[in-house]
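Same chain, two partners: chain A is paired with chain B first, then with chain C.
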Partner chain A sequence: MTRFFSLIGRGLLQHRAMMYLLVGFALFPLYTGFADLPFWNDVAIRIMLLGMASMGLNLVLGYSGMVSFGHAAFFGIGAYCVGISSYYDIFNGWIHIGFSLVTCGLMGVIIGLLSLRTSGIYFIMITLAFAQMLFFGFVSLETFGGDDGMSIDRAEFGLIDLYEPLRLYFLVWAALVIVSLLLMFIVHSRFGVTLRAIKSNESRVEAMGLTPLKFKITAYVISAMICGLAGTLFASWQEYVSPDIMHWTRSGELMIIIILGGLGTLAGPLLGAIAFLLLEEFLPELIQAIAPDYAENWMIVFGPILIAIVMFGRGGLLGLLIKLFQRKGAS
Partner chain B sequence: MTFTLFLEQAFNGFQAGITLFLIAAGLTLILGIMDFVFLAHGSQVMIGAYAAASLTALTQNFYLGIIFAIPITFFAGYALEYLIIRHLYKRDHMEQVLATFGLILFFNEAIRVGFGPAALHSNLPASLSGFVYILPEIPYPEFRLLVILIGFACAVGIHVLVSRTRLGATVRAGASNAAMTAALGVNITRLRRLVFAIGACFAGVAGMMLGPLTSVEPGMGEPLLILSLVVIIIGGIGSVRGAFIAAIIVGMVDTMGRVMLPVILRSFMEQASADGAGPALASMMVYILMAVVLVFKPTGLFPPNR
Partner chain C sequence: MSSPILQLDGVMKSYDALLATNNVSLDVVAGEIHALIGPNGAGKTTLIKQIYGSERPDSGRILLNGEDITSLSVPKRVRKGIGRSFQISNVLTDFTMRENAIIAAQAQRQEAFQFFLPAFDDASLIEDAMVILDAVGLTPKANILVSELAHGERRLLELALAMAGEPCLLLLDEPMAGAGPQESQHMTDIISALRACHGILLIEHDMDAVFALADRITVLVEGAVIAHGTSAEISQNPAVREAYLGREDEAC
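Our next item is the complex of A and B:
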């Protein structure tokens, strides 16, 4: 019984963490406005978008137990949807988003159906293979810039001019809120419960008369579409897109963000994105202070940090927060 | 497309394949025996290449450089297993991916700090930079031929080691059932460490041979790692024979694709865009091949018997 209550409590806490984070992002421009740090708005946009993509991936990785090592591909497809649309003089942002959701959904169905024939290490590798295929595919498309990529104009959203300060910020924020609410709903629906059941014991779910593949492919497609949406907004923010956006290291990055924040939790990926990008911003400065010659070699510290996170930090940052909170509650 | 060019590229493809096999052989055993997703295997290639290049510069002798570099790669693999990897066997695949991804970042940056970001040049000794006539009128670089021969010798060595020796028998037993093998009195801990060290050694040798052919630079291992993962998956995880056949196929497809595709594309595209698109499409072909294999045979072409 106590276990039941602690589970409920943890669930509530997760949502509360999510709420705090979303409210925090809504208020953040106030701080940057007063402190006159417009640069940090851009960092916050990157955090929200990478966080959104990781939240999408987390549906597959954390909730359904499918280790996809190729989700950067969907992020990239979403980004290229903006690039390709504006190449053909379509600047309407709603069309970009629709185009990206449809394309990522279709690609998700194709890649998902083919990949889900395999499992385990083979699944990790075949998703990587599809991502590499698309990566080299975009490298070969000379029309859209090939290796060098293409610069693009920010999309137009009717009356919302994205070149006005903060408009883009709140567009991204609104998208993040919608995605969060959607995921919150999915996770607690019967569909979400079945996904978690598949993760812990697939053959039992099958024995209960359900078809795990149907659930897995649906989750895969939803997560592909969320990654695509994040990529679309990312391209519009960056005003530039190149195949590098879907390099295989980005798939790794998304996984790092999830593990860092807390696998299979709602707020975890967003928390992880904050930690990851802050590390990326501050680690070079920190090293600059200690050993000025090696500031650009910050990866030499970042690599071992990753290893340490895997070795010692089970449950991620969110798990850590929950542990702290519960200890306080107990005493 | 002349016959000369075709033959030359076929040799190049074979050479690329056999180098890939040296990298993939150790990795397929690591994935197969230990069920461990080891992404830092490309770093072992880089370590081998750097060790050979810097020792060659130090001793002023290409052969001495290689001879001294081989034990270094062996101990690099041994130490890595002892320090980090052995703590990760029981973790799930994703955590292994992340930890070894961290290792890649560390090694690339460590090499950049130690040797600088620029590519190192390792020049061939005069005795190896000549040409050999493989057929009358068709010259082929001596060194590439040597790479093929050494690679082939290593492949035979690995085959004998795995299928004819006691060590190989325990390795194969470990691949099909680690717990049972341990129960029969085989020291699995030592076996794993040895497989890691030997695998690192062969990857290092591949790096040493690639050094003079390509450039020795930080991050040189990752494209090779991804390709050798493709090889392993096509061949079937844990199968050395499968890795050999898949490596030759991948090497051939990659090399031939790079040469043939622009020629084919040129017949219906402008030359400039055909030359731009060709190599990228050739790189795509390898992954298409892998996806096709996996769709029809989800455990690879030659899954080890279980």
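Our next item is the complex of A and C:
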């Protein structure tokens, strides 16, 4: 327990940022309740789930330096675990989650073992190839809706009825808290530190008598399982799943979220998800107000904003925030 | 003479038409520094790589403490007792010296695969790390990021990391490369002291250091051993003078 508190205290701004964000998400429904904006609860759920998936990917991308361009596949597998279970009349959410964790874990081992033999651009390509394979695999599975996908009912979690307002919201929140704590421990553990060492210099880690592949594959599997969990909850929230959920652009989206928020940081991906989805939400409206003719092309503004943050704010949004806080502290 | 720690037995390695290692046999015994010298391209680093395990010989055997390690992977050989410093500094540049040593210490304890044990703030690991850094006199700079260190200090850190695994055999690939005269002297003193508990195979171009340190010298030219003996014998050997030392003189 003391170690738990020392973790939150240490790393200072990093962990505090994470705490503030989690507390913020817990209190957010109060605001939407008073202001009568239930729509925003759904936006927050979306942010939390994409944030969670990005946090999972970040273990591989940010902490171990492996650029996986196929993590949407695990998000999608997690989602299809709900769809396929429901098709066979299994509606228990705990079973969905268990099914998803086991499947994503196994797929993580298989894809990881095959792709981690390569590195650099080859690794990027092979992870993308696996994701595309799965994408087209699901497109061709007519039983499960093929291209059109399938509608599903929200899962049943015993006494928690997800159709009651805010039940799903807090289920997602609780999952996010658990994933955050898990990652907080992993990242600062001996395993996590060794992962970062592998990112910094693999051959030195080997010279210490360790087998880097063992660490990389473990990180890959953990990250696949986290993405799967996010996907499972996402499907239950959306009440619908189609191959689009694992389209390669979503893999890119997750990477953008991480880089936007802060690569290799705990709070970065969540912060990135907030920024990314809010921009996606507000930019079209903003442009509609200023220049209605261009509203459909809001991506033209979106792109340069992302590029600017990545170029000028090294360390992403979290890096910018920390710099801001430190300057305030210094003066 | 004590029993050899390392034994090479007819090791051969070629890259296409190039014969990089031609039937090399040598040994390193406990408590000695065995220097491997030779002109550039003689195959010294290739030989070290085969002992270390990042390259496999085409034929021949490599024995560590009498055990055949020819087909073992790098991490396995390291765990059997081989420590290596590389020709080009190979340390964890994104970390502080202390963190480098902590990562080495937890690897040495076989506790690197622990998900819920703290690393950088663990008192006993920090203690171990300080012992590792103290061996090369780097403790005062423990909290400095490696990327901010001078070249000589990185070389020292690398030596400390190589020793952290408590190896019985140290492979040192040009530890003096790029160091100033003072740093070279410091490094020479440290390596000389290491002799007491390790067998050392040393590649070095700095001849002053080689003659100051080496108990025995093997001269490698075009992948083959052309001479082998004590420092005194080698410095008198006419073939060596011509093939190696002479050319070195001209170059300078």
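As a convention for this text, the second predicted complex is superposed on the first by the 321 of 331 C-alpha atoms of A that agree within 3 Å, B and C clash if a C-alpha of one lies under 4 Å from a C-alpha of the other, contacts with A are read in each partner's own complex, and residues count from 1 in each chain.
Quick note on the criterion: a residue touches a chain if its C-beta (ideal position, glycine included) is under 8 Å from a C-beta of that chain, and two chains touch if they have at least 3 such contacts.
All of these numbers come straight from a predicted model, not from anything done at the bench.
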item: Superposed partners chain B and chain C on chain A - clash or fit; value: fit
item: Which of chain B and chain C A:L22 touches, first, second, both or neither; value: neither
item: First, second, both or neither for A:A72, with chain B first and chain C second; value: neither
item: Contacts of A:R190 with chain B and chain C, given as first, second, both or neither; value: second
item: Partner chain(s) touched by A:L279 [first = chain B, second = chain C, both, neither]; value: neither
item: Residue contacts on chain A - larger count, chain B or chain C; value: B
item: Partner chain in contact with A:I226 - chain B first, chain C second, else both or neither; value: neither
item: Chain B versus chain C as contact partner of A:G252, first or second or both or neither; value: first
item: Contacts of A:F130 with chain B and chain C, given as first, second, both or neither; value: first
item: Three-chain overlay, vertex chain A: chain B-chain C angle, C-alpha, nearest 10 degrees; value: 80
item: CA minimum distance (chain B, chain C), superposed complexes, angstrom; value: 13
item: In the complex with chain A, residue positions of chain B that touch it; value: 31, 35, 37, 84, 87-88, 91, 93-95, 97-99, 101-110, 112-113, 226, 229-230, 232-233, 237, 272-273, 276-281, 283-284, 287-288, 290-291, 294-295, 298-300
item: Chain C-touching residues of chain A, taken from the complex the two chains share; value: 3, 6, 10, 185-186, 188-194, 196-197, 199-201, 203-211, 214-215, 218
item: Complex contacts: residues of chain C adjacent to chain A; value: 73-75, 78-79, 83-84, 86, 90-95, 99, 102-104, 106-108, 111-121, 161-162, 164-165
item: Parts of chain A lying in touch with chain B, wherever the complex brings them together; value: 61, 67, 69, 114, 117-122, 124-126, 128-130, 132-133, 136-137, 139-142, 146-147, 248, 252, 255-256, 259, 263, 294, 297-300, 302-307, 309-311
